[in-house]
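In the part that follows, the structures are each spelled out as C-alpha cells.
Same chain, two partners: chain A is paired with chain B first, then with chain C.
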Partner chain A sequence: MKTLEDTAVPVTAEIHPDAVLLVEDLRVTFARSGPPVHAVNGISYQLRAGQMLAIIGESGSGKSVSVRALMGLLPPSARITGSARLVGTELVGLDERSMRQIRGRDIAMVFQDPARSLNPTMSVGAQIVEAIRTHRREVRKAAAADRAVELLKLVRLPAAERRFHEYPHQLSGGMRQRVMIAIALASNPKVLIADEATTALDVTTQAQIMELLVDLQQRLGTAVVIISHDLGLAASYADEVLVMYAGRIVEQAETAALFRNVRMPYTKALLGAIPQLSTPSHSLLAVIGGQPPDLSALPPGCAFEPRCPRADEQCTVRPELTEHEPRHRYACWHPHLDADRATPPEGAVTEGEGQS
Partner chain B sequence: MNERDDATSATAGGADLPLLSVRHIVQEYVSRGPGGVKAGIVHAVSDVSFDLGVGETLGIVGETGSGKSTLARATIQVERPKSGEVWFKGRNLVELSKRELRHARRDIQMVYQDPFGSLNPRWRVEDVVAEPLIGHTDLGKAQRRARVTELLDLVGLNPDVYLRRRPLELSGGQAQRVAIARAIATNPALIICDEAISSLDVLIQAQIMNLFEKLRAELGLSYVFIAHDLATVKQLSDVVAVMHLGQLAEVGTAERVYGSPRHPYTRALLDSIPGLDPETGIARRPVTLRGEPPSPLHPPSGCRFRTRCPRAQDTCAVEEPRPVDVGGGHRVACHFPLETEPTVSVESLRASMPVRSPVRAGPVA
Partner chain C sequence: MTTTVATTSIRTEERASLLGRVLGSPLARLIARRILIATPLLLAISILVFAMLEAIPGDPARNQAGMDATEEQVEAVRKQMGLDRPAVERYLTWLGGFVTGNLGRSSVSEQPVTSLLAERMPVTIELVALAFLVSLAIAIPVALLAARKPGGVFDRVVMVISMTLLAVPNYVMALLLVLVFAVTLRSLPAIGYVSLDDGLLANLRSVTLPVLALAIPLACFYARFLRGDLVEQMNSADYVETARAKGVTPWKVLWGHAFRNSSFGLLTLVGLNIGGLVGGTVIVEQIFSMPGLGVLMLQGVMSRDTAVVQICVFIFAAVAVLANLVVDVMYAVLDPRIRYGHR
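Right, the complex of A and B next:
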C-alpha cells in the first residue's frame, strides 16, 4: 500500500545542470471554515534554461495555483509546503519583502487578461519604465525609456516609439498582451510564466504571441512555462508537457514522446474530447462523464478512478507517478500500452449522421 | 414577397424553402469620441446574406470584432439592423412590431457564452426553465413542472437533484445545460449559440457539443453556431460562414470550406490553429498571419482583407470583391481566390503535417 505520501523520496532524483527551477513535493492547501481544500498535492518537476514547459489541465487541476504559489501570489489562507528552488533561492516560506525582490526580476508572469493587468491611467511606456526601475533604482528615467522602447520592439509591437505614449485602451488585445510580455521581460527574468496568456486571444493573434514566446525563449534563453487547457497548443510549442489532475501530475514526458504514446486514460480522454479538423461534421466526440473530484474530499485511490473507463479495484490504491519508460512518467495501473493502440478509446462513439 | 435574390441557398440539394433567409443585412453604429463628438461610423456588419435550411447547422467563424455576434443580434432583432431583411418561416422579422416579434421569438432562442450571466442567480432551476413556458404557452402549474422535468432529463440533468438548485450551486457545464433546457422549452425551430461552449473546460465542452448533436437529431433543431474556434464549428456545422470585418469572406459546406478553402483569409485562419493528430501524436505548428486586423471604423478600401493578404494586388485596393459562387453553393468574395485543392483525405492531411522541430536534447528529469 505505497502511496505518494509514504515515499518522501524526491521524484526528481537527478538534477539537470541547466535547471533554473526545481520544484519538489509542492503542496498547497487552502484553509476555510469547512474541510481544507487540497489544491496541489505533491508535485515535482524541474525547468531548464531555454526550455518551454507546458502544464495542462482542466479548471481546478491545480495548474495555476501551483505556479502562483511559487510567486507568492496566493491569499493568506493558502498553506504551502515542499520546496521550490529558483537558481538556489528557496521560494517556499520566503518573506514578502524578499519575494518582492525576486518577483518580476527572476521570475515573471503574464496573465490571461491583459486589459485587467495593465493600469488604464498610465501610458504603456510609463508602465514599462516603472517595471524597469522597480528592481534597478539606479537606472535613470531617460535610459529606462530607451530600454522600454527597445523592449516594445523586442515584443514586435508595431510603431513602438508612438505606442510608448499611448494608453492601454488604445491598443488591441494582442498588442496589450505584447506590452504585458515587455513588462515581464523588463528585468530579464530567468523564468517567464504564461498563465493562459493566449486563451482570450483570437487564433491568429494567439499564433503571433506564441511565436514571440518561442523566439524570446530561444534568443534570451528564458525558461518559459505555459499553463493552458489547450493540448494542441502545448503539443505545438512546448518541449515537455505535464498533465495535472486533482492537484497531482498524472503524466509527464517530452512533448513528442507523450503525444505519440499517451498512456494515462485521463490524457487520452482530453485528447479524445478535442474536435479535429479532419473529422466529418456531426460526428460525436468521445466523452467521459462526471466531474473532477471535490478537492476537499479527495478519494484515497487514483483521483481519476470514478470517471475512468479502465478503472477496477486496484485503482482504489493510488498509483505513484513513476518513470515507466525512459523520460515518460505516469501514474496509472492500467495505462494504454502500444498493444491496444489500434482500438479507439473507450466510450468513443462516432455516428455518421445523415444530413438533411 | 418571394423576391429573395441571389438565392445561393447553401442548402445542398436545394430542399424546399429555407428556415431562415438573411438578405443584405447592414448594421452600423456611430462611434463617439470625447464629449460625444461623432468620431465615425463602425461598419459592424456590411451587406451579409445567407440561408439556413430546416435541421441544418450554420457555423459562423471569424476573429474578435468581425461582426459575428452583431449579425446574430440583428438576425433575431435584439438590435434592429440598419437595413436588410430577415425571412424566418415566411415572415420578414425586420417588419414585425415588437408584439409580433415577442411571439416569433418562441421559435428562435439564444444560448450565450456565460451561463451564469444569463441565469437569474436567485431563481431555482425549475423556475428558470419554466419561465418561457409561462409567457409562451398556457400550460398549468403541474403541466409546467412535468415539462421542466422532461427538459432536464433531455439535457442530461437528473431532475430530482437539480430542480431545486440555484444557478450558483451548479458547475459551468451544468449551468449551460440549464440554459439549453430553457432555450428548448418552447420547442423552438432555431437556436442561436453565441460562443456557447467557449468558456467551458475541454471535457465539458465535448459533453455539451454531443448534447447539441443529440437535440438536433431528436428535436430536428436548426442552429446558428457562432464561435472563434474553427474545429468546434467544423464538428457541429453543415454550412460554415467565415466573417471578416463585417463581411462574409467565404460560405459553403463545412467539408468544402475546411477541405479546400478558396479565400486567403480562411486559409490563414486554418493555418493559425495549433494542431495535433491524436493518432500519430504529431503536432502542427501554426503559420502566423502578419499584422493586426484593421479597424471597423476605417475599413480598408476595396477588399477589407488586403492589408494582411499575401495575395493582394493593386485591384484589391480599388475594387470590392463581390461574393462569387464557385460551385455547389460555395461563395467566395476574393479577386484572387486560391486554387481548388484535390479533396483532402485524412491521410493526406496527416502526411502534409510538418513534423515539429526536434526537441532540444536533455533529460526530462
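Right, the complex of A and C next:
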C-alpha cells in the first residue's frame, strides 16, 4: 500500500530528501541539415532511492532520448540543455571522461534486445567481470569472477557457476536479460534504467524480469526507471508514472492515482489502445488516429491537438504541466474529469475504455 | 596388487574418455566433416585439370620429338610417354602416382616433378605467407586507428592513400617498387632469390620487394574493409552501446568488443583471397625472377610440360580449397557460437 509519502513531489515543489536524481527543464535537440529535431522539450522530475518510475510514451515521444541524455550515450549531434543532478553531480555538460566514470557506476542501463546487447564473442562471465573492473581496477580477476557469480545469483540465474563460462547464444532471452541486469548492477548503481527491457521477451518472462527488478529495487534500494510504451506494465509495477508526448511530460502522477483518474486525453487514448481480454475476437484493434508529431516542426499549441478528440481553438495555446490536483499534474485544457466518466469513449478510442 | 590394476584400468578409462572427448568434440567433428567435403572436391579438380590439358591444342609427343621428326618417330615418342593409352587409364595412373608420391618427370628438364616441387614450393610459400602477415600487420592497426575517429584527419588520409594504392595492379606496383627501392635508392635487390640457407637477412632482403608488391594492395583492401566494419559495429551494434554504458573507454570498446566481431569478416576475406594471391605470385615471381611455383608453371605451359602443369594447377586449386577449410576451422576456434554449437 502506498502512503502519501510514496508519491513523487514535483521538482517545482520542494526537493525530497531521498532524491537521487533531479531532472530540471531537460531539453535535447538534434542538429542536422534542415530544421533541428526537438526530441525532448523541457522535462522535470525527481527520482528517489528505492522508487520505481515509469516513463511511458509512443516511439518518438522522447522517453528513450531523455534517459540516454542522462547517460551521455547520445550521438555528438545532440545538444543537451537544462539540468540533471545525480546525487549532487551535474550530468548536463559533463565532459566525456568524467561521464565515463559515472556511467555504469552510479547510473546503469539495461537495453531492449538482450539477444543483441551482449557481445556474442565474449563469455557471460567476462562481460560481467569487465563491468566490475572498469570502475574498480584494483579488483583482481579472481575476486571479480567471484563477485560476478554472486551477481548472477542475485539476478536468480539458475546454475550461476556454469553460466559464468557460457556464451550469450547458449542462454534464453530471459536469462540474457538477467545477465544484462547483473552487468548493470555490477557497481551498485544508484539509478538503474530499463529501456524497454522486457519488450522483446514473452509475457511470462516479462513478468519474471519485472518482478526481479522490483525485488532488487526493494532489497538494494536502487532507484529504477522503466521506459516503456506499455501502460499496463507501468500500472502493475511502477510507483509513479510519467506520460510523455512529443518530448514533453503531459501527465504525471502516482500510479494508483493516475489509473483511478486518467485526465489527459492522450493517456486515455494510450489506455484504450491496450487490447482487453473482454474485447470480442476479430474486432478491430484500437489505435490512436493520426500521426505522431513532426519533432522538427512542433505546433505552438498542444502537440496532441491534431489527434485529440477534445481539441478546440483553446488548444492552439500550449497548456502548461500544472498540478491541478494534489500530486497529479497534467497539461491539458480539456481533461477527462470525473463528471465525464459516464460519457462513452470518443474519437481516438474505437474500442472500450481499457481502464485498469 | 588388485588395487594397482584397478587404478591403471581407471586411468586407461580416463584416457579413453579424454580421447573420446577430443574426437567427439564439435571442433573435431567439424574438421572431419570439412575434410570429407574437401576430398571429392579435390578429386574433381584433378579430373578437371587433366581434362583441360587434354583439350588444349598441341601434341606433347610431337613437341618432344622435335620439329624434324618423322611420323614414326613421333609415334615412338608417344608410346614411350604413354600417350597412346586411353585418357582414363592415364588419369588413373597419374592419380596412383600422386598418392604414392611419383609424379613423373618433366619432359623439359628430365628431372622428377617431385624434386622440382620440393625446390620451388618453399619460395612460393614464403612469398604468400609473408605477404599475408605483412598485409595484416599493416591493415589491422591502421584500420583500428582510422576507426577511432571516423572522418578524422588520419581516417581521411588512410582512405585516400588506400584507394589510390588499391587502384594500382600488383605488376605495376612491382615495377614502382623496383624503381624506388632498387634503382633510385639502391637499397634492395631488384631481382633474384637468396635461399634461407644463405642467411636469414639476405633471404628477407631478396623477398622484400616481391612481398611488398603482393602485400600492399591486400593491406589497402583489408584496412578499408576492416575500418568500414569497425565503424559500422561502433555506430550500430547494441553490444557496443552496452559496453559504453558500462563506462568502458572508447579504445577498449573498439579493440575489445568491436574488433572481436569484425575479425570474422576479415577472416572470411583472407580465406577468399588466398586462392587469388597464389595466382598473383605467378606474375610477381616472373617480374622478380623468383624460382617459385608460378614461374615453374608458366615455363611448363610454354613448353607443353604436362606433368609439371598438371600438378602446379592442381596445387593452386587445392590451396584455395584448403585455405577455406582452414578458415572454417578458425571460425570454429574463434567464434563461440560455432565452437559450442547452437542449443
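Everything below uses one rule, namely that the second predicted complex is superposed on the first by the 329 of 356 C-alpha atoms of A that agree within 3 Å, B and C clash if a C-alpha of one lies under 4 Å from a C-alpha of the other, contacts with A are read in each partner's own complex, and residues count from 1 in each chain.
Definition applied: contacts are C-beta pairs under 8 Å (C-beta built on N, C-alpha and C of every residue); 3 or more make two chains touch, one makes a residue touch a chain.
Note that the structure is a prediction, hence the values are computed from the model and not measured.
K.L.:
Does the superposition put A:P120 against chain B (first), chain C (second), both, or neither?
P.N.:
Once the two structures are laid over each other on A, A:P120 reaches chain C alone.
K.L.:
Quick check for you: in the superposed arrangement, does A:L73 touch first (chain B), second (chain C), both or neither?
P.N.:
second
K.L.:
With the two complexes superposed on chain A, say which partner A:M109 touches: chain B (first), chain C (second), both, or neither.
P.N.:
In the superposition, A:M109 contacts chain C only.
K.L.:
Taking the superposition on A as described, I'd like to know which of chain B and chain C A:E150 touches: first, second, both or neither.
P.N.:
neither
K.L.:
Counting residues of chain A in contact, which comes out ahead: chain B or chain C?
P.N.:
The partner making contact with more of chain A's residues is B.
K.L.:
For A:D215 in the superposed arrangement: first (chain B), second (chain C), both or neither?
P.N.:
neither
K.L.:
Considering only touches as defined above, state whether A:D294 meets chain B (first), chain C (second), both or neither.
P.N.:
Neither: A:D294 stays clear of chain B and chain C.
K.L.:
Under the touch definition given earlier, write down the residues of chain A that touch chain B in their complex.
P.N.:
Checking each residue of chain A against chain B gives 11-14, 16, 18, 45-46, 48, 50-51, 58-59, 158, 172-175, 202-208, 210-211, 229-233, 235-237, 239-240, 252-256, 258-262, 269-289, 291, 323, 327-329, 353, 355-356.
K.L.:
Using the touch rule from the top, collect the residues of chain A that touch chain C in their complex.
P.N.:
71, 73, 100-105, 108-109, 111, 113, 116-123, 130-131, 134-135, 166-167, 169-170, 180, 183-184, 186
K.L.:
For a test of understanding, state which residues of chain C touch chain A in their complex under the given definition.
P.N.:
Against chain A, chain C makes touches at 237-239, 241-249, 256-257, 260-261, 334-337, 340, 342-343.
K.L.:
If you look only at chain B, which of its residues touch chain A in the complex?
P.N.:
Interface residues on the chain B side: 12, 15, 53-57, 63-64, 171-173, 201-203, 205-207, 209-210, 213, 216-217, 228-232, 234-238, 254-255, 258, 268-270, 272-278, 280-289, 291-293, 346, 349-350, 356, 359-360, 362-365.
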